[in-house]
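Chain IDs A, B, C and D follow the sequence of writing; residue 1 opens each chain.
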Amino acid sequence: MTQHSRGIITPGRSPVPRSMIGCAVFGAGVIGEVHARNVSRHGSFDLRYVIDPAIDRARTLAQTWGGTAAADIAPALADDTVAAVIIASSTSAHEEHALACAGAGKAFICEKPLAGSLEGARACVASAAASGVVAATGFNRRLDHDYAAVAARTLDGEIGAVEMLHFASRGHKPPAPETAPHSGGMIREKGAHFFDLAAWLTGAEPVEVYAVGACLVDPRFADYGDVDTAALTVRFDSGALATFDFGRRAVFGQDELIEVFGSQGMLVTGRHRRGNVAHFTGGAVTEAEVMPGWHERFADSYVAELDVFAAAMTHGEPVHASLADGLRAQAVAEAAVRSIKQNRPVAIERIW
Amino acid sequence: MTQHSRGIITPGRSPVPRSMIGCAVFGAGVIGEVHARNVSRHGSFDLRYVIDPAIDRARTLAQTWGGTAAADIAPALADDTVAAVIIASSTSAHEEHALACAGAGKAFICEKPLAGSLEGARACVASAAASGVVAATGFNRRLDHDYAAVAARTLDGEIGAVEMLHFASRGHKPPAPETAPHSGGMIREKGAHFFDLAAWLTGAEPVEVYAVGACLVDPRFADYGDVDTAALTVRFDSGALATFDFGRRAVFGQDELIEVFGSQGMLVTGRHRRGNVAHFTGGAVTEAEVMPGWHERFADSYVAELDVFAAAMTHGEPVHASLADGLRAQAVAEAAVRSIKQNRPVAIERIW
Amino acid sequence: MTQHSRGIITPGRSPVPRSMIGCAVFGAGVIGEVHARNVSRHGSFDLRYVIDPAIDRARTLAQTWGGTAAADIAPALADDTVAAVIIASSTSAHEEHALACAGAGKAFICEKPLAGSLEGARACVASAAASGVVAATGFNRRLDHDYAAVAARTLDGEIGAVEMLHFASRGHKPPAPETAPHSGGMIREKGAHFFDLAAWLTGAEPVEVYAVGACLVDPRFADYGDVDTAALTVRFDSGALATFDFGRRAVFGQDELIEVFGSQGMLVTGRHRRGNVAHFTGGAVTEAEVMPGWHERFADSYVAELDVFAAAMTHGEPVHASLADGLRAQAVAEAAVRSIKQNRPVAIERIW
Amino acid sequence: MTQHSRGIITPGRSPVPRSMIGCAVFGAGVIGEVHARNVSRHGSFDLRYVIDPAIDRARTLAQTWGGTAAADIAPALADDTVAAVIIASSTSAHEEHALACAGAGKAFICEKPLAGSLEGARACVASAAASGVVAATGFNRRLDHDYAAVAARTLDGEIGAVEMLHFASRGHKPPAPETAPHSGGMIREKGAHFFDLAAWLTGAEPVEVYAVGACLVDPRFADYGDVDTAALTVRFDSGALATFDFGRRAVFGQDELIEVFGSQGMLVTGRHRRGNVAHFTGGAVTEAEVMPGWHERFADSYVAELDVFAAAMTHGEPVHASLADGLRAQAVAEAAVRSIKQNRPVAIERIW
């Protein structure tokens, strides 16, 4: 029943089917807008619904990108012309929406986390497996051009056995501390992406995590049990070790890179620049600035996600990240949160 | 009457009008296809005609991107719903097409060169000026993100007075030598872009050129009076000097960079990479490959060209490169070709 | 009594005294040879003795670089013309040699660790303090051009408050596993440098460490209780967090960099290249190789160490790293070793 | 009789003889000081004389670096313990000094140009050949680590046939214009190095040069018939083309790079940085500054020159650059100067 997407999905490689797939976007917030725009512009999808309990937000998106605005998901699920759903609703609604999609036989991509609890996430995985729908976790970073290249080359054996990994990720500007309860906090929200990448890149299973955190950016994060700065180590069953440097604010832009060190070499992505102009002047050489935020840095990967989704629905190709991948990353995140609270390494139970 | 576009048009800055502008693309070759696709996808243009004497090529494009295929330009010029034309036809047809557009009151972008002769090019400039239509030369490199940034910063005075410029441009793979009579040869085809950039970046007028050429890539270029390797120097009326390294084949991709050296500093663009992954292994660090060709390297700039064109037609904003800019670049190219033939520096007559 | 060297010693800034200081080098192994050569060539030092129980090794060095070879340190300590000693003997002899130097009133630089035990190290610190001799720990990386620049700029406040640090250090080729008991193992040998750098760069005290290790390079390291791959996190009393990626083998050379992330920006050193030549060819851009080993990478810093030592002895300037700095780094290393063994975070007792 | 040094002399490869070679340095100016210091510190040379008509300057150098100060070269030439001479005197004295060395059987390195006229330079070449002394032109750039690597890899065929070369060289600060008559001006002084490198890298002979110059840095250079900004093209008998961008002032440091483009790839040196620290902050990434001047950039190559000289004297190995190489570069420079004056391409007479 458990399936992981370990193969490399190279964005753009798969022939995108020309037949239009009716699609609904659940959630009209920041990420919902990204998806609504991309679905609207995509050659394989037809945007039929934008759904949000905050009906005004849904209406705004629908006016710009098409489709019918609704507050409730029922009409979309009942509509036979809708074959696909992007679940970009609030985290607390993910489980309900994923189960509903699976029940209604709709293919779906669910933004992480799959559910508010590990039990809920397991239920989503099981339900989708039982119904046989195409289902993916929204780990768009797997489809980033450079991360996909690092993965393909690593899994091809170019650097030998993977021994260590290092991930740095800091957003440009911190979110409001009061959104922490909603997002689950930095470890769950940001960490999940990198716990997934680490498992994917090693081809191994995470077995233990140790995490320390601090509130150095804004002490108010502590009021919500969250941290804004964290250092983590994860041990994998292959013996590989990974370190993670996370933060909520980098004054210079989206501070993100990955390094995969192996027995035969190392693959490293740079911090992505905006442009390629160097300025030489007295005492300094100034290069192009770093990409300002995740939005700009990863814009292409959200489009690639739709390519992969369409190919999976039409040609039966694998999705880029399965629901089980989402469950695994969520399990690591939960263990990491516990590690911070209890200040001890926490074994990761193999529930995926 | 003479007008140059010296201001900086920052791609994407201008608000793109939402009203749809009927557009015809003349020419269904490689560059015609680029324009047809971009017009079709653009929010401000509606692709009405794809026109090529080779009607089959026109039909293929029209089927994919929309519009009516035609072998003749007459119906498009007579169609009141067509307000804009992209002249991407063969060089020998440019003059006729530009004059026809001006006569019919259609705004147009004309690929360079404007005509097969300087006299013809002057006629195009005069005709467009007389009719008052919006008209631009297809110098898309002015709208490349990095070149536009270099220009904006240079013209803002960031590096003081411009003293020297260096341009390198070599395509990945050489064109067939027998296309030389058609394209006008490397100096006219490739050089025009950089003669235009040099004038734009210096804000000065070119007064003399010296050029040497050779056939080192393929001796057959000589059979057509063309060269595949060339080194040029151009002197400007400001005193600034420019060197140009041109070639028809770089085994590693599109080899292109610009350097602007000034009294207070220097601005340099790198050779653009595809991706941002470094591979460390025994005895070497291997970076991402260079962009494979002009197509990939400058894809965005062709879209930006449509943005600017739409803004010019709708809001009266300046075009990125006027017809007079095209005439000037063509005059430099003709002088450079003469310089190679006569092996002497050739003064550039100020006809623009 | 406790003193740390927190100020920045910029190599080469201090005026090097021209008066010659008589100097003995204890130990004629790899690092002893580095020091003997540098002392011999240095304008302020006169190499008087090279001392090693393996008298042949001492003789070889003395023949090449000067001075008298001896098996025993007594003659050098009794020689009034000897004012300075470089303790580069085997780790097990450090404590005895340091105490002897302090007792004889000789200034000394002691390679880390100061002693085989923390108690021994404390005795060295106390003894040197009591005798008032100039004494330094051989933390040469503090005098590396780039690390010194990062420290100076960080302590000047250029990046605001230090929030996170990341250190990667992997040697090119692993040492023989059977040297582990002698060197103390990777955490003590390699780690000490970086625990010192981290304390120096943060201006804060380390309070807790968590470390995981593995034998991925050579399983025989486990036979000696050592690891060849390790990931560590250290928490500082300022709240700053540091991650460390350590390894014993990087096929591409000395793999080392430091990153200091602060509230106002970040300072990063690159992996140091040998030369500055890029090779562009089909499908790849290949840059100069990484520095092959610590020997080449840090050669200059050992010379700078002598500059600083001479200035300290002659002008009373501070040393680059005090004995207390050495003690602190050793304390962190011991805690890290314990953390690996017990798989739990270990509090670092403040004994320095 | 004509001999060129085309082989690659890798600095440091040749075993440096330990026997001391008595050496005199002619000239106690800026470059004389560089040589006096290096000779004094070099393991194979013994500095016996520092000679300058300005006896005070000679005395100052001799006091610091050793040897006897003299105003006249006669005693040194008569001294049998002197086997080698570095001719770093004023350009107007080069010919006399080179002929005197050849006549006295002293090996010598002569700074370029060999003489004030091409006839004088030919006389130097002939005289040294007749006497059979080891003689070299002071083209230290051939011994720069990176330039030597580019040459070795190019001559090994790594990039196929050399088709184009580009050289940029601009000093940090301009010399006083009134030194132009003394130095011969920018084209002769700076250009000679790069005309030599170009011939070396192509393995071909220069046949024609075209040069344009301007006084953009300081109009007073024109008062002395000099230029401070110049663009040149040189054609080689292999068909290869080279462009040169020269200038007297780059506000950001020594602005120098070389590019060699071939049929199979390209080798490029970067602009050399001082250090390897990147600073990321709001809106910018600032890298280490460029090397401030030729002094710092090429310090190592002057030492390597002595290594090669010693090996040539002791083991009969080839010098890095023959006198004929110096003559050739001088011939190109003279033709380039004529080209600027007459504004036409000038054929380079094959006199070397």
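Operating definition for what follows: a contact is a pair of C-beta atoms (placed from the backbone, for glycine too) under 8 Å apart; a residue touches a chain by one contact, two chains touch by 3 or more.
Just so you know, these numbers come straight off a predicted model, no measurement behind them.
Asker: Just to be sure I understand the contacts, which chains border both chain C and chain B?
Answerer: Under the touch definition, chain B and chain C have A, D as mutual neighbours.
Asker: Spelling it out: a chain qualifies if it touches chain A and also touches chain B; which chains qualify?
Answerer: Both-contact set = C, D.
Asker: Give the label of the chain whose average Cα location is farthest from that of chain A.
Answerer: Checked the centroid distances; the maximum from chain A is D.
Asker: Would you mind pulling out the distance in Å between where the CA atoms of chain A average out and where those of chain C do?
Answerer: 42
Asker: Could you put a whole-Å number on the gap between the CA centroids of chain A and chain D?
Answerer: Distance between chain centres, rounded to whole Å: 58 Å.
Asker: Two or more other chains in contact with one residue: find those residues in chain D.
Answerer: Chain D, residues with two or more chain partners: 250-252, 255, 264-266, 273, 280-282.
Asker: Please give the residue numbers of chain B that touch chain D in the complex, ascending.
Answerer: For chain B paired with chain D, touching residues are 161, 163-164, 166, 168, 170, 208, 210, 212, 214, 216-217, 229-233, 235, 239-245, 247, 249-252, 255, 259, 261, 263-266, 343-345.
Asker: If you look only at chain D, which of its residues touch chain C in the complex?
Answerer: Going through chain D, the ones touching chain C are 145-146, 149-150, 153, 158-159, 264-270, 272-273, 275-282.
Asker: Please give the residue numbers of chain A that touch chain D in the complex, ascending.
Answerer: 250-253, 255, 271, 273, 280-290
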